[in-house]
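What follows is a short report on a single structure.
Letters A, B, C and D name the chains as they come in the text, with residue numbers starting at 1 for each one.
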Amino acid sequence: MTTHTFTPTHYHNTMGSHEPVLRIASGDSVITTTVDAMGYDMHGQRVTRGPNPQTGPFYVEGAEPGDTLVMHLDRLTPNRPTGESGPLLAPNVVDPGWLGNIPWDTGTDDIRWNVDVQKGTASLVNPEGKLGHLTLPIAPMLGCFGVAPYDGQAISCMTSGQHGGNMDYMGFVEGVTAYFPVFVPGALVSVGDGHALQGDGEITGSGIEITFEVQFTVNLLKGKRSYWPRGENAEYIFTVGNARPLDQALQHATTEMLRWLQDGYGFTPREANVLLGYTAKYDMGNVFDPAYTMVCKMPKRYLP
Amino acid sequence: MTTHTFTPTHYHNTMGSHEPVLRIASGDSVITTTVDAMGYDMHGQRVTRGPNPQTGPFYVEGAEPGDTLVMHLDRLTPNRPTGESGPLLAPNVVDPGWLGNIPWDTGTDDIRWNVDVQKGTASLVNPEGKLGHLTLPIAPMLGCFGVAPYDGQAISCMTSGQHGGNMDYMGFVEGVTAYFPVFVPGALVSVGDGHALQGDGEITGSGIEITFEVQFTVNLLKGKRSYWPRGENAEYIFTVGNARPLDQALQHATTEMLRWLQDGYGFTPREANVLLGYTAKYDMGNVFDPAYTMVCKMPKRYLP
Amino acid sequence: MTTHTFTPTHYHNTMGSHEPVLRIASGDSVITTTVDAMGYDMHGQRVTRGPNPQTGPFYVEGAEPGDTLVMHLDRLTPNRPTGESGPLLAPNVVDPGWLGNIPWDTGTDDIRWNVDVQKGTASLVNPEGKLGHLTLPIAPMLGCFGVAPYDGQAISCMTSGQHGGNMDYMGFVEGVTAYFPVFVPGALVSVGDGHALQGDGEITGSGIEITFEVQFTVNLLKGKRSYWPRGENAEYIFTVGNARPLDQALQHATTEMLRWLQDGYGFTPREANVLLGYTAKYDMGNVFDPAYTMVCKMPKRYLP
Amino acid sequence: MTTHTFTPTHYHNTMGSHEPVLRIASGDSVITTTVDAMGYDMHGQRVTRGPNPQTGPFYVEGAEPGDTLVMHLDRLTPNRPTGESGPLLAPNVVDPGWLGNIPWDTGTDDIRWNVDVQKGTASLVNPEGKLGHLTLPIAPMLGCFGVAPYDGQAISCMTSGQHGGNMDYMGFVEGVTAYFPVFVPGALVSVGDGHALQGDGEITGSGIEITFEVQFTVNLLKGKRSYWPRGENAEYIFTVGNARPLDQALQHATTEMLRWLQDGYGFTPREANVLLGYTAKYDMGNVFDPAYTMVCKMPKRYLP
């Protein structure tokens, strides 16, 4: 049960079987930092390039394909006083015929936010007309993290899949436990793309992009196979599907939840269907990245 | 400001330009009843056929194409002690390759629920293994309601569109104000398909299907054009898109919210984009019906 | 075996259970005319409004729900020397992020074509830069036709479904036999929306919109149930799925072909799968209308 | 202008920046062999594993990001007398509610084909009921080939993207010229997944999987940027979009064709839109793999 403090010197723009930066044991914690989505560090210096540079990968001793990696997000703290965002909705989230009404030509300057971790707020640096210095409560989350994918792939941090990646789901906040299928020896965990806050769906294509100090703790469920990212918070267990269209992401998340209820909790198929059918909730992750993200949540109060 | 009590003698399975059952004035309220989705009444007698028989239509005096109808859901009360549901997830919400694991052959008997409005609960009549007599809090909502569509269409109550219809959105509960574009003189409001509760997405293809006593109050926004159903509750204004895939439903809902923010609240396009991008929330309506439903919600605390 | 000559005096913008204009027997033929998609007649006079006004409906004696209507397209002849088209691709057929490169502001004037039925050509009336007076071979087809839908619906001629409607499929040319499920007594056949030619997918949202003289002959397959439009030409039998996304339209067409092979030709499920899997061809109908269209074709040389 | 004969000793299951097996010059040809999709060689020996093992990659001297690689498919010859196929349609190409009618339990034995290159036919080894020894004309094509993707990615040969990959398009036959964007120095061309013939859409998830002798010739379009695979045969130029849903694949293909017409042939945007709108044709590639494939074709007779 060691807590490792790791200072990154380089970053990866793919989730893949890269050389591990550190080997850690099941039960260990890591304290490290992430740069922002474009590769700027906590001092505002560009130290690498985007998209979504990853800190890591961390090799978890004993992790083997067929296991499930447990990754508790102990702490996610923005460590820079300003963040950046895009101002306009992404072209794919509005009606194609209405795109001419988005001010692509005149309104595209990025917006900057003062992020005050003590107060828990983000405020527009420059006032935006009627919005003034719009101030919102922050909700720091990891946009892009996970493990190395199967078949020797290296998948861009722009997108996501069964290995996690750029899911941009608002629910991956401090205190949450994430679960990932292990596809390669050591799992090869990496973290990046911190958002001080993100709108639902990441419909502008960005959150408030910022640097983080991150602490996480890993464990292993040996021989417990999972197929898609999963998670758990105080109220829910949840499953994450990544695909396009959103309908398919929902199919993946729903199917993974049925698997969990049947294999993990011992429900019969009919029981799992009834329970899911009348108590599940869905959250949207992102609807901007190449793969969209849908999350199926089961209230823990209905579980044995 | 009259309150009309109306007892239906026939029902419609489409939303269309049917003969009005009653003419009411802007400001008036209607107290009436709905049968369940399959056409059974509060006594358990089948009085008509499905899908989703509508009570109405009610002609709102003065409503003209180009107006917006305001429909406050004053009261939605299940008036029968039992409801029915399907037990299995719909084939379209799980991975196609996993469909063989759904017990289509052996597990398809409908489930019945005791619905106790006083206690606010629904409980399985027959125990389901580990679930026992699963008891859930009810949250009565209208699955299918709205106005007559444009162009003289009569659209099946199985599906939904710009006129409302079978949106199966959990958010249409008592106390909510719904808004619909008026496409025909009198708007031709109708209501039906009460659910004592519904799972998110209506992923089994049904809620707890039950009969309702309904009270609603209509008003008109003369000359205020809307394009998709809208709504308002204590915390949010919201817009509703109905289409497949879910991505397109989301585009409709998002676009309609931009319109509302710009036309209704006077935001510039850039302001509307920024505000929506970092404060909006999405709810899923149904992912079962021919048209899926996605809802875009804007917290009222950020509006002028 | 009567040939009826029918001159329309009014038109419908929905496919629905409208008052029949003529009652015809199985085996009868009808010679009639259609106006163009916007309601202009062969003299260039606007006699009704769009979308896609239908001539009919024609009541086929003896047609009952559960039958299949056979409709042979005997002759489709443009009867006006000019047609109209939109010049620009529809917003939904290009990448959302590339829409700014379509000249929405400056390049939207409709294009007119001289249509010469004798020569079999359509030529641009006004030269278009490098394209000059682009001349293309015509291939007259019906964009929108079919029968009345189920459940008392009246569905806009902008869209399509199991009843046919606005499929905008280039394959519905003279000499083809179309088949439609009968949903209402008399089937209620109607025809409209002639295109002198249409691009694949109708990606501009229009063909060369023109008026037609149409001759068709109806027959009935009593007690033979079909679920989606079907067709037959010299080389293929084909099935038509209408839905969004295109993936779902393809599912409908493929499933209907499996049904046809199994129920109509007596193949076992495995035989039907093998045959379809290695010999079928797909055509796209439209990718513009609310419902997209996909066609599954089976070469007749592989059928018994 | 050298012709290299290359005998592979290992294969890759991803398209990525792997160590080149050979360096070739622009203008050079390569004669080599491919194993089948599951890794069996021309002798029926399993020499590697699936999916779709690639022969290569070949480093093309002088190829730089921003160039376009030209790859002429000189010869594609099946070099084994038997091929294998799946018998049943993939679950994703039929209606979800109809999946119970596919004989998953009893009819899943693979089918074997005798492939006779001289006669140009493939025949079922074992008769299939009414189909007997179904005999089809072969049309040898490459299912999976292309270049290394951008951003240091290594993408599974199960899927496709801007770099090509598992497009499973029937149009990539002998005599065709394929074009790929160059994303990495040397382009890193690879080839695999030969099909003696494939059904449209690869709706069973396989063609007649077989080994090939392949000859191809490379050239470079220096400084000519492309974004998606392109191709050319005697009659058409074409562009290839890979994504889900099919609608998005179509958007990519259509957009890439507009680019080609405007940048490569000097049409104005309006001219390109008009020409494409009324003369283009679409082919479907695959509707089975994680990314679907749609092809936009422009007849060369309308080009300057």
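In this section, contacts are C-beta pairs under 8 Å (C-beta built on N, C-alpha and C of every residue); 3 or more make two chains touch, one makes a residue touch a chain.
Bear in mind the structure is a predicted one, so any value in this text is a computation, not a measurement.
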Report task. State the pair with the higher C-beta contact count; candidates are B-D and A-D. Result -> A-D
Report task. Please indicate which chain is farthest from chain C, where distance is taken between mean Cα coordinates of the chains. Result -> A
Query raised in the report: Just curious, how far off is chain D from chain A if you go by their C-alpha centres, in Å?
Result: 34
Query - Mean-CA-position distance for chain D and chain B (Å) - result: 47
Requested in this report: Spell out, as numbers or ranges, the residues of chain D touching 2 or more other chains.
Outcome: 92, 96, 244-245
Requested in this report: Show which residues of chain A lie in contact with chain C when the two form their complex.
Outcome: 90-92, 96-97, 99-100, 104, 245
Query - Residues on chain C engaged by chain B in the complex (per definition of touch) - result: 13-14, 16, 51, 150-156, 158, 243-245, 248
Query raised in the report: What residues on chain C touch chain D, complex-wise?
Result: 85-89, 92-96, 98, 101-103, 106-107, 111, 128-131, 134, 136, 197-201, 203-204, 208, 244-247, 250-252, 254-255, 258, 266-271, 273-282, 284, 287, 292, 302, 304
